[in-house]
Every structure is written in structure tokens, then in C-alpha cells.
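The first chain written gets the first letter, and so on, giving A, B, C, D and E; residue counts start at 1 in each chain.
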Amino acid sequence: QEGPVLKAINPAFSQDWSPLRGGGVPYRWNSVWNASAMYFNEKGEIQPYVLTEWTPSADFVTWTLKLNPDAKFADGSAITAADVKGSWELSAMPASQNQRIDQVLAGVAGYAAAKDGTATDISGIVANDDGTLTVTLSGPDPIFFQRLANHIAPIVKVSVARGADGNEVPDFFLAANGATSGPFMLESANLDTGELVWVPNPNFFGPKPALARIELTAIEDNVTATQMLASGEYQAHTELVTSTIVQDLGADFAGGAEIPTSQHFWFNTARAPMDDPKVREALILAVDRDGLIKASFPDGPHQKTDMVMNAVPGADDAAFVPYPFDPEKAKALLAESSYGGPDRLPKIMFVGISSPANEAAAQYIAEQWRQNLGISAVDMKPQQDQYAGPDQNAIQIFRDDVGTRVPDAASYLAGSIASSSGNATGKMAYKNDKVDALIAEALTKPADDPARISLAQEAQRLFRDDFCFIPWYKQTMSRWATANVSGMEKNLDWQIVAPWAINIA
Amino acid sequence: MNAPLITIKGLSKAFPIRLGAFGDKAAVVRALDDFTATIIEGETLSLVGESGCGKSTTGFCILNLQRPSGGSIVYKGQELAQLDDDAMRPFRRDLQIVFQDPYSTLNPRMTIGEALSEPILFHKLATKSELPARLSRLLADVGLSDRFASRYPHELSGGQRQRVAIARALACEPRFIVCDEAISALDVSVQAQILNLLLDLQDKYKLTYLFIAHDLAVVRHISDRVGVMYLGRLAELAPSSDLFANPLHPYTRALLSAVPEPDPKSSRQRQRLQGEVPSPLNPPSGCRFHTRCPLAREKCKAEVPALREITPGHQVACHAVTSATTTQWEPVSA
Amino acid sequence: MTALLDIKSLTIDIARDNGPARVVDGIDLTVAEGESLGVVGESGCGKSLTMLSLMGLLPNKIKATGGSAHFAGRDLLRLSPKELRKVRGAEIGFIFQDPMTSLNPVMRIGDQIVEALVYQKAMAKPAAMQRAGELLELVGIPSPRDRLMAYPHELSGGMRQRVMIAIGLAGNPRLLIADEPTTALDVTIQAQIVDLVRELKDRLKMSVVWITHDLALIAGLADRIAVLYAGTVVEDAPVDVIFDRPSHPYTRGLLASLPTLAGKAMDRLPSIGGTPPEPGRRPPGCPFAPRCSLAMPACNDALPKLAPVPGSDPRHRVACFVTTEKGAA
Amino acid sequence: MSAVVEDKPNSLWRDAWRRLRRNKLAVAGLIIIAALVFVAAFGPWLTPYDFLSQDLDARNLAPSLAHPFGTDDLGRDVLSRLIYGARTAFLVAVIVTLVALLIGVVLGAIAGFYGGFFDKALMWVTDMTMSVPQLLLVVVINASLKQPITLWMEARYMETMNPIYRNSALIDFVLVFGSMALISWPPYARLVRAQVLSIRNRPYVTAARALGLTNRIILMRYVMPNAMGSLIVAVSAGLGTAMVLESAFSFLGIGVNPPTPSWGNMISDGLRVWTNYPHLLLAPAAVLAVVTVAFNFLGDGLNDALNPKGQK
Amino acid sequence: MFAYITRRLLLWIPSVLLVMLGVYALAFYGAGDPIKLIFLRAPGDVAYDPVKVEAIREQAGLNQPFLVQFGNYIWNLLHGNFGNSLTSGRSVWAMISAAAPISLMLGLLAMLVTAVVAIPLGMIAGMNQNTRLDYSILGTAVTLWAIPAYVAGPLLMVALLAILPKGSVPYGWGGVFSVKIILPLLVLSFQPIALIVRQTRAAVIEVMTEDFVRTARAKGVPEHIVALRHILRPVLTPVITQLGLIMITIVNGAIFVELVFGLPGLGRLTVSALTNSDFPVILAITLIGSFLVMASNLLVDLLYPLLDPRASDAKGGR
């Protein structure tokens, strides 16, 4: 096919390109070659895709879903309800190692058995006929439909992708393009060299793509990648985070909408000295967070934030009191704390300091503490150390992002501060029954119920007073494409919203 | 004659070595074979022979600096041959050695004073306070002044270094010294000085020498008895005067006639040996000299000649020699 | 006889940290066509350096700083490197001291001989190989053609030295310089080599310079002997004169201190006291003066020049104030 | 040892020193290294600014009078960080080299001196260690052992409240550079073994044995002092290599942790922004290069100076 | 000779086993849980779910005791199964067999370049000891030594990007004869060249004082022949040994060079595996790496007798 060619850079060399993993670098390219149930556009509005209708029962427990009758796979065969059900089950299977499938299907009846590998079938999903499905949840979820609008579990052709044992057929996505449902399909994938090429899918049921090809090359070194982009050799990047990105490649390159994702420094309350709330408060108040954002993203694109949730309805809470910058009070608090001052404080260790911006921020915080509190025993782990695993409790501070794939305040908090969240368990050892109760209640309210928002806001305010984090920034979903590329806008699911619309001026 | 000091019987030494590009072939160098001799107190016994014939090995084995692979060495009624380092230590005081190249036998990082004090202190032959006096006596013994104590070996001339090496051997107050080519590396004009020094010291301290050399003229000058070695075996052993006046072994004769004489008009009858010294890795069978011997006969190839006493004190290992008269020496035609 | 080689007032200096040190201090030597000259002297007195300087082969930092060395009419010290190369091997052959290290250990000996022929005689390789075989035969190596393919380490010391001699003879030189060619060898082998060189010299009509520290060795070989001490020639005379009527106190002392096989074994050897001076630390006058029993005050002031010995052979020259004054002892 | 010897210093070393002094490159190297040692020792009193203090209004400044090497992305003075980094670099180099040297010398000396089984076993271990790609080993050791050790240190701190356990630089030095040392010793071991093997058969060692001296004395007083020369050369080259290796680790993100400055992490930080702020790369890279070169010149110079054969 | 090779290879087996055991133990006890790593690596609000982790672990056989797992690993290895990458899920063997040839070609080429460039330079420097020429060669070598590959690589890359027209930037692998290989090869060879130049120089200076060189001159052999025939050969012996050891430098350098220039070889795989704590890949690379180094050492040892006929007669203490 004639047309422009998009040359893009991938920052990782050896990767798993299965569309079913639900995370990792390849995930960012899922929408290029796989269709999903629905998707959010860059404004956060939900759009039909493989599914065109989603109707809940009155108690939000049963959902009836309708397929687009025109939906086809790349081989021309129709996408059926059985493919949708099978794709979801496949994503749930433990062998598929899908990292985020919980966010999509956790509420579906019978999900747990599939997730454990004890069943291959999710009983709560029933394909009524080729065109409709009924999904039964184990409890009410007014925003269940929003949870489906992402590429965490894209729709693949089950007869190709799923083996007799219910597990993924290894490399099915490379073998034939039959399983592909998106606007493009793989022409070649040289995993040994880290080079992939997509060409338009002739049987795509949506708009015809403008690009003739997408060529993706692995370039791990950011300096080289930046220069390649600056010289016009390449036009796009999967994800490029450098502190000089705006200077190097212009505001356009990193421009984009805000997404419901934010980065913060989380305190592990189980670890000394974070077990003392006074210490935590002191540490927070001693940091000038205007400086923090200036040290890390002086030119954008990301903006400072004061709270956990961002870019969702309800994020602007007038009643939320940001942490002040108050070194004097901080000093006093530290002196009052059970450690009695900076000298008897155990070492404070940061992890997740895996990019220059993270490193700058961590160093800035450490320096603030040194100057304002006299704390010198601070340590941070650069790239290699992945402090994960059984010993992650060794760490006092995790830098990590939290967020949600749905524009919803309650989900946001459920995934970041509710005691069931990975963030609260794994990083903060945090549990506040009141917060949990408020979030749980909010989750049962319909999406348009103001109570859903106000309950969440109240939970966030309560969480604030537990002094468990240093707020840092809310994330902008960058285009990561040079100015002459249009249609590269991305949504809160980190997907290119309309890959068929990508064009090069 | 005095009493025997050291009695050596059947001493032999084989060095296992590795051959081949990757050291995967094992072989044995038979450096010394069946050496039997008695060293008499107060005498100078010399060993001569061509390079590689096992002279040094003999010296080293007697001092147990190389562990003999067979035979016995009896000193003061004690068998030394198989003693380990610790058991050997008390005897080291009595049995000393002076090497050929004095420079390489001195630790370049030690002053002469340190080098000489080491054995004295180690064997507790003097206390720290007696040391300076002991050192200067030692230096005086070898004809050096006290100044030398603070010098390093590289600041000395060859003759001075050899004096130091001798002094170090003397420091232990030994009874027996192996002089392994102790003068070969020295200038001709200095050789005589050292030779004289050795003789003086022998008088003064009643020393016994095993004098290893290849210069026959020097050997003749210094020795009471001389042993001639060929390829790891003793070919002839006799009192010095006897040996030089009446060499019996064909090899000894060849050796003697090869010695150049400082006289342009000398018309000494020369007996030239043909061929090269065979390798000790693969020595000839029977008499090891038979490949070059003008008298060789069938028996020599098959049978190792034993060392026999021909006249009193004159031993020789040759099938062809039956009496002390050399007239019967007719080369057998091959 | 005309002088083939005529060395006059040769001086050689070594660059040291603290300025140059003089190793060779005005050596005069001549070698006539067909003559064999023995150069005798103690270790370090500058024998080797003198000879190396003729071929332009002095090591780094050592330079011939004065005098001349005429060979067949040309001053070797003033030849360009290119001209010198033509002299090497072709006109002056060299046999070095240590046959163990003087042969290239990683080259077959045939190739090492051929090299000399190819670059000096412009021979083609096959012809050169043929000639190399003949040379080996000449120096008395059994089954010479097989040995061409051998590496040096496969030969014994005596054979190696013969190969060295073959290399020295390869260019058909008019002068063969042998620098202590037998020091590293056994007595019996040493005798073989001496015989060989003597025979070759007669056969090939070469001049030979034989360097040694062993007076006895040279006695049967040389026509004339020059005795070196500390960088100067102290005595120069026909061989029998040297042994019969040594004039210089050093030569005399040397001869006296040599134990011999023939003479009667003595208790103590007469010896020269002291040690030779190190290069660079030589006294201003006669270098032997500090060890000399006959030294007079004048000896310490100036370096005596070689002068004929009154009442001796006309070719007998000695550098000693005492001797030249008093005549031969 | 005794009164007789004390009036004269070891003139072998004095000779070497004299020879070294005449080698211009080596002297230049020596001066640079002396300067480095000085700066490393007195760094904190020499720096114009606090190497940690940030000034967000003065970020990435180009070199100027106020900041001779400019400032970095957090507005810290690069010169001050370089000076402090000298301390890190020097410490790293010294620790790694010393530990490696210690292991290498002990093992090499034993293997060379006693031979036999020790020797075979040691050569086997050496070959094995040398066959493991170094970077890989260090990275793996780091990624795996650092955490348990950190935990252990922290537990100790909580128990004892001894601030020594709170010092994380200790872990870095012990672990990162310990593992560096762990892979750096084989060359030293080989060198010492070879030296000892050759020295062991020198006549002066045989002479010492003939005097009845014990093996320990012989090893300590006869063998090792004479193996020193080549060791010194190897060490001076090793110091430079260790510095470069440290910077390579920092490039991979496992070196000295920020905010402690090391030339390595300054270089790797500088690499990221060097098209915009070349001074952030050039300053530390140049300093590292100069110091490495200095070590090499010194090593070469020492090699020549300690080898009398080259200067006869 | 075969006996020798066999003995060497047999000795290699326990050492590799030991190395592998070490790395495996480090991975097993120290590095944390590879499965959890998968979950925690990805940015975003990934819920860490112990139940799911256990399920995956059990399926992967990662809940068995250490020695059992190690035994299994070795057993699989013997059957040509290196396991699967934790990151890409691909067969490690497939990844390695794609990457190793590239690294091998690059490494051998770098050795070749090193030999071809460094030995002549070292010869020239050594034969002109202490002249300006010598100093400039030595100075260049020492400077090259001081610029690590990870600095030289990016610097050159960025410089090229500024100079070269669009589309001609040498990124990626184009085979041995492609122009793309020039720059990585250069950067990779910098340090080895520096090392070998100095080694060669030192050896030349040593050999120049040998008597046989004087003999050659005394024969009237022209200077260039002396250099080529009499000096080069003996110099090669120590230099070739050093070349064998240099394989380690090259293997180390390849990590950075492959990364910067986008060569899909073992070095790049290494970095990728390290950032992801992908231990099956790390283990395999360690194995291959140590094999490479051992093989090059063995090769050098086999070359020895060819270079030095003395070596084939009696083996001194090397």
C-alpha cells in the first residue's frame, strides 16, 4: 500500500509481544493491531469498538453486551461473542501472565477459578449467540462497562490463540495474522533484532488507516533515541522520559492530555522510622514541592499535584488541604517524634529511582531533608535494583505511579489507597477502615451519582491526614511523536486512540 | 688420612619432567646415577666434568637441597637423604654451599650486613649485641672491611660479592662447604685471589670442601682428590696427583688433553673426542661414554662398568681399564 | 703484510644518568691480511663493544665517540647505515659469544644461514639453501642437509656454535671476528671449535680476530695477541713474545696467576690484588696503577701510550711507563 | 636489623626513584596522582561550594568564574562534586586494588612457592574466575546480595543504634567494590605466582634454603620483596582500571548511589544530557581520563625504573 | 594434543558448573522473586496478587527446593533446553543462538582489527623507543585506554548523527560487510588496541635486546627484514597470549557497544536481561561468555607451539 511510513522507536530490546500480557512496553502498541471491546478517546469519552451496546440490569449485576455485526478478524472471519468470551478467559488464565486483567474482570462471577488456573471457563460470561453476551458480576458495579473499555484484554481469534488446554498457543500472534483484529497487522516481527513492522489490515472493520506501514525499532539508549528523533530519522517513540525532553524535541513531542495517573513517593508505614506518623509528617512538611517539580520537570510536560487522584471527575476538591511547606514545624515534629530528632533516625531508602527525573526528584527530597531537618542517612537505588519480591518491606519509600483506566475517582482510590490495592499492601502497608469503607461505598454508586465522587473525596482527605506520601506530579499522556505526525493522541489506557488516523504531514 | 666426614652410597637423582607441546608426555632426566664416595674430613674433593653431567646435582643432593631419589648420605651417623626441611635444619649449620654466580646468590634487596646477620641470628650463633663484632670478624675473614656491611650487592665488584657469599657460608660456622663453580664467574685476575682465600679459610677453620669446577687446572691446584663425572655417573675417582699424572679412564684422558695450555709452543699430544654429549634424557645404554669412546667395544654397550679400585685410592669405571699401566691402550678398531 | 683492519684511538662512551662514561679509552689495534689476532682481557674491559662498534651494532645509548677504524681503506665508523650493511656479513663475519641466545629460536637454522646468503650474495633461495648445506658440512656438522630443517633448540651447544660459525662464514668475509665463541661450551667441545676455526682460517685465508679472556686458549691459535685492560690496550705482541717475555705488569700478573696442568701444583697462587676499575670510575692515569706493584707516582698522572719495548721484538709494544723506561724484564 | 645497616636507605629504590624522576611522563603522572590524593584527602575543605547543596535557579549553568565547571541539573557546583568525587574514586580504586591485591598476593605466593596441588587448584580457580564476564558477575552479585545485606545492616542498626550500620555507602563499598575486587584478583595472583615461581629458583633463594631458613622467612624476606617491582607496576595500572570500571558500573546504574558524587555517576548523568550541556559530561570524563592516563604513565615509568635491565 | 584438549575441556566442566551454581544461587536466594518482578516491573496500578503469583510459580516449578531446581536446570540444559526468558517468554536458546553469532563475529573482527592495527603500531613504537613517534603512538594508546566504550560510543554516535545525511546513520546490524559495523568495531577495539600496542611495544623492546637480533644485523640483513622476521615472530608469542585474554575486555565492551549501536548481540541481550532480572537469560549468557573466554584461551594455548617451536619440545612454566 502507498502512503506514509511511521518509523518509531521502542526503548526495550527483548520483549514479549503477546497482546495478552496487559502491560509492559509492547502493551503501548496494542491498539495498533488489536481491537478492544470499547475504548476511551483522548477526551475520556467512551467509544464503541467490537462492542456497540452495553446495558446493565437495574442492580448493576448483570450486563448485556452487543457485538458490532461488521467486526472482523484480519482473515475476514467475523468476530463472535465466543471470541470475546474466549479472549477474556484466555487473558485470565495464569499462564498468560496478564498483569492487569484483575482491573477488568475481577468483579465477574467465576473469575477467581479461571485466575487460579482451576477452570478454563468463566461462568459469569455467557455467549448467548454470535452477537450478544451476558456478563454476571458477583456484586453490583455501576461502572463495569468502563472497565471493559481498554486493551488489557484485547479481542483475539480464539480458535487461533487458545489451545485445547485453554491456555495461550505460544507465539500465536506471530504465526498468522488470523488472530489480529486491529487496523494494522504484523508484517514481520524479528524478535532477535527487536524490529517489528505493521501494515494495514485489509479486513479491518473500522476506518481505513492512512499509514502504509509502521516500523518499530529497538533503541534502548535515550541519548541516541533523542538524536534519532531530532534528526528526523524516526518520528515516534514508545515512551521517552528524559528531563530535557521538551528542550530536545519540543513541546509538541511531549504534549498531550492529562490522564488519570499520578506519581508520588509512598511511605512504608511498617518500616522504621515511617512507623511514626510524626516522622512522616515532618518528612512531608520539610519538602518544598514547588521545588520538587522544578527539579524534576522544569519544562513540563507533567504538572505538580497535591493529591492522590488526578484527571478524573472529582479531582478538584476544594476541601482538600494541600500539605504545606513548613520546615519549622517539620523540625519540631521530628524532635517530638519517638526518634527524637534526625540523628537517631534509621536510614531512609528510596526505590523505584529508575529514571533521571526520578533520580532528580529523590535527590531533591533528600537534600531538602538534609537542609531542613538535618537528615543525612538517605539512600536511593538507581536503575538496576528492582526492590521487589518478598523483601520489599525493607524499603521506606517507593516512588510509583497510581491511576486508573477509567475516568472514575472511586476506582482511582480503590487501586491506590484502599487496603486491598497493591499499592497499599505492597508499598505502604496501609489500612484505614474508614477509608476502605468510604471507597467501598463509593464503588456501589452509579457513575453519575454525585455521592460516588464526594465519598471518594472524603476518603482521600482522610488518607491525607495519615501522612503517607509526598505528592509529586500528575501525568500527561504524551504523544511521543514529532510535530509532523498527526493522530498520535493517546488515552488514559496508554493506547493510541485512533491508530487508523495516524498520518505524517 | 682423617676420618670420613660424609659417606655417600648409591646416590641418584631423577628429575621427572614434562615434554610435548602441551606437557602431556612425561619423561625422566637421570641427572645423577649411583654416586658412591666418601668425603674425608679436612680434604678438598673436586668434581669435574662437562656441563650438565650432574656435578651440581651431586652437591645439591648431598646438602639435601634437592631431595635424592635414591641412595644414602650419612653425616655424623645420621642419614640425611630423606630428611624433611625441619629435620634437616640443624645440619644446615654444618653443611654449607657457595655458588657460581655470587650476584644472583645475594638477595638484591638486602644489605651485606643483613644478609650475613640472617643466618647468625636465625641459628642463634650470636646475640644482637654481639652481632656487630661477629659481622666485622666475618668480613675480615674474607678480606673485606666493615664498610661493606651497609652496602647492597649491586654496589660490589664480582670478587667482593664472591667474598660476601663465602662469608655468608662461614657465618654458620660450617664444617663442610660445597663450592659449586665458586670461581668460574670471576675475572681471571681475581680467581686466584678467591682460590687463595678458600685455601686460607680451610687452614684456619679446618674446613672440608666439595669443589665443583670445570677448569681442570684450577682443580689440580686446589684438590686432594678429584672425581670425574660423565653424564650423571662417576667415571674416575683418584687422588689429584695420581689422576693428573696417570688418568685411566678414556674420558679423563680426553678431558685432560682438551685443556688449553698457556704456551704457544706446546705440542702436547691432543686426543680429540668426536661427537656431542648425549642427552641425559635418553642416556646411552651400558657405559654412557661408549658413543664417543675410542676404546668402545661390544661389552660397553651392554654392561654398566662398575667403579673399581685399580691402585690404592684410584677408582675407575671402565671395562677397558684393567691395570694402572696405560700402554695396553690400543684403540680397538670398530 | 698490509693492515686489513686498522683501529686508531677508538673511544666508546655509554650515556649514563650522570653524563657519559668512557668504556673504551683510545684503543689501537691492527689486523693484517691473513693474520689472526687474539684480543685478551677481563670481563667488561670493552672487548665486545670495540668489535661491535666496527659493525655499527652498538646497543642504544652507547656510541663510538672518537678515533677511526679503517677496514680495507674505508673508515667503518663513518659509513652510512646502508654502506655498513654491505660490510656486515660480506666483508666482516661475526661469531657471537653465546650460541644459545645468538640464534633466533623460532627460525630453522637453514633459513638463518640462507638469510645471510640472500642479502649479502644476492643468491636465489634454492641455491642459497644448497650453499647452506655445504657450509654446515664445512663446519663439521654430521648429516648437514637434514640439520637445515632443525630449530636451534634441537641442537647441542657445540652444534649451535658451529652453526654460528657457518653464518659468520656465509658471506665469505675477509675478516672473521669471534667474540668469545667458546666460553659457553664444554672443554672437549671448546677444543673442537678452536681446531675448526684454525683449520678454516688456513683454508679460507681469512683474517681472524678472536676475543677471549682465556690466555691459555688463545695460545695455540693466534699469531699476535693484544692484552686489554680497562678500555685500553696495555700490551700488543706476537704470541710467543707475550708468553715468553710479558712486559706489562698486568700481563705478567695474569700469566703468573694461571694454574697450569703442566707445572707443579703450588700451595698458593700468586695473585694480583684488588679489582679492575669500573668504567666511568677509572683513575686519570694508568688504569692498572692502583693494583700495580711497580707503580711510580707518574703512573697516576697520565695514561701511558703504546710504545715499543726496548730490546724486544719490534712488534712488541706496551703501554707502561715503567717497562718502557726500564726495558723488558 | 642492626646498627650497621641503618645509615643508608635502600639504594635500589633510590636508584629507581632517580630513574623515575627523569621520565617526564611518569613525573607528570605522579604529580597528577599526588594532586588526586591531596584533593581526596582534603576535598571537603577545598570545595568552593557544598557538593550537595542545590540551587534550582542556577541549573545547568555553563562554566563561569563563579562555577568553573558549571552546575548540574539540580544547580550543584560541578567542581565541588568533582573534588568530592575524587574521594570516592580514590577510595574505590584503593579498596578494590587493595583487596584484590591481598587475595592475589596471598594465593599467588602460596601457589607459586609451594606448587603442587595448591598451584593446580589455584590456577583452576583463577582461570574460572577470569572466564566469567566481569560486568555480569558484579551486576548479578549486586542485584542479588545488596538487598539482604542492606536488611541485615538495618536490623543491626535498629538493635544497636550504631550509626555505622546506617551508612549505606559502606554497603556500596563493601559490596560493589568487594565484588569488583572479587573479580580483579586473578591477574595479581597470576603475576605473583609467576614472579614467585621464577624467584623461587633464583640462587639466592636456594642459598637461603641452604642456610636452613624457614619457608616463611624465605617467602617474606627473599621472595616477596623481589616480586614487589612488578607488583607495583600492576597495582598502579590496576588503580586506573578500577576507576574506569567503577564508572562503567555507574553507567549501568549499580555504582555509587546518588547523591554521593562519583566520577562514574557524573559521567553517566552527563551522558544523558550532553547534547544540551556538554560540560556536564566533559568535565568528569576528562578528569577520569587524565587520572587514568596518569596512572598508566606512572605504571610504565615505574616499570622502566624498577627494571635495571632496561637501563644498563 | 587431543588428550590435552580433552583434559582442558574436562576441567572446564566443573568450573562452568561451579560458576553456574554460583549465579543460580545468587538468583535464587538474593534477587527476589522473578515472578513477582514481572508484576511489579510494569508502571501503573498493577495489583499484586499473591494467589496469582503462587499459581504462576507452581506452574513454572519455582516452588521446589534449590537443588532440585538447579538439577532440573542442568538436566534441561543437557537436553539443549535453556528455558524461557522471563521477559519475552521466548526460548532462551533461540535468543542466544540468534545473538551469539553476531557477538562472535563482532568479537572476532574486533580481535582482528586489534591485531592488524595494534601489532604494527606497537612494533613501530618499540623499534623507535623514546622518539617522538614512540611517544605519540604510546600517548594515543593510553588516551584510547582512558576513554571507555560507553563514553566513546554515544559521543561518536551523536557526532555521526549530526554529520551524516538522514537515513544513513549506522544503527543496527547489517552483517559483517556492512558499513554499519565500522563504528561499533572501532569503539570496541579502542581499549584492546591500546592494550596490545603497549604489550607489543614492551615485547619489541625486550626482543630488540636479544642477541639473535644482533646476529641478524651482523649478517647484513636489511632492517625491515630484521623487524618482520626476527622481531615480530618472538613478539607474537606474548602478544597472542594477551590477545586471548583480551576476549574478556571485548566481551565487556560489547555490552556497551551493542547497546549504543543497536547490534542485536549478546551484549544487548545482557543489558536487557539485567534490567529485567531475567535470570534464565543471564545464566545462559554467563555460560556462553565463559565458554567464549575459555575457548579463546584454549585456542591461544594451541597456537603456542606453532609460534614457538621451543614450546613443543619441553614445556617450561608458562
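Just so we're on the same page, a residue touches a chain if its C-beta (ideal position, glycine included) is under 8 Å from a C-beta of that chain, and two chains touch if they have at least 3 such contacts.
Composition by chain, UniProt nomenclature: B, C = Peptide ABC transporter ATP-binding protein; D, E = Peptide ABC transporter permease.
Everything numeric here is computed off the predicted structure, so don't read it as measured data.
*Asks:* Where the contacts of subunit C and subunit D overlap, which chains show up?
*Replies:* Touches both subunit C and subunit D: B, E.
*Asks:* Based on CA centres, what chain would you say lies at the far end from subunit C?
*Replies:* A
*Asks:* Could you state the distance in Å from the CA-based centre of subunit B to that of subunit E?
*Replies:* Centres of subunit B and subunit E (C-alpha means) sit 54 Å apart.
*Asks:* What whole-Å value do you get for the distance between subunit D and subunit E if each is reduced to the mean of its CA atoms?
*Replies:* Result: the chain centres lie 23 Å from each other.
*Asks:* Between subunit B and subunit D, what is the gap in Å from one C-alpha centre to the other?
*Replies:* Once rounded, the distance between the two centres reads 50 Å.
*Asks:* Please work out the Cα centroid separation of subunit A and subunit D, and write it as a whole number of Å.
*Replies:* 45
*Asks:* Identify all positions of subunit E at which a residue touches two or more other chains, and write them in rising order.
*Replies:* Residues 31-32, 154, 158, 209, 271, 274, 277, 313 of subunit E touch two or more partner chains.
*Asks:* List, in ascending order, every residue of subunit B touching at least 2 other chains.
*Replies:* Residues of subunit B touching two or more partner chains: there are none.
*Asks:* Which positions in subunit D touch two or more other chains at once?
*Replies:* Each of 139, 143, 147-148, 252, 271, 274-275 in subunit D touches at least two other chains.
*Asks:* Provide the residue numbers of subunit E that touch subunit A in the complex, in ascending order.
*Replies:* Those in contact with subunit A are residues 31-33, 36-49, 51-52, 55-56, 59, 85, 87-90, 94-95, 98-99, 154, 157-158, 161-162, 166-167, 169, 171-173, 259-260, 262, 264, 268-269, 271-278, 281.
*Asks:* Report the residues of subunit E in contact with subunit D in the complex, numbered from low to high.
*Replies:* Its residues touching subunit D are 11, 15, 18-19, 23, 26-27, 29-32, 135, 138, 142-143, 145-148, 150-151, 154-155, 158, 198, 202, 205, 209, 245, 248, 251-252, 255-256, 270-271, 274, 277, 282, 285-286, 289-290, 293-294, 297, 317.
*Asks:* Show which residues of subunit D lie in contact with subunit E when the two form their complex.
*Replies:* Against subunit E, the touching part of subunit D is residues 25, 124, 127-128, 130-137, 139-141, 143-145, 147-148, 194, 197-198, 240, 244, 247-248, 251-252, 267-268, 271, 274-275, 281, 285, 288-290, 292-293, 296-297, 300, 303, 309-310.
*Asks:* In the complex formed with subunit E, which residues of subunit C make contact?
*Replies:* Within the complex, subunit C touches subunit E at residues 52, 55, 57, 59-60, 81, 85-90, 93-94, 96-98, 101-107, 112, 115-116, 119-120, 151, 153-154, 164, 167, 170-171.
*Asks:* Under the stated contact criterion, what part of subunit B meets subunit D in this complex?
*Replies:* Within the complex, subunit B touches subunit D at residues 60, 63, 65, 85, 88-90, 92-93, 96-97, 99-101, 104-111, 113-114, 117-119, 122-123, 128, 131-132, 135, 146, 149-152, 154-155, 165, 168, 172.
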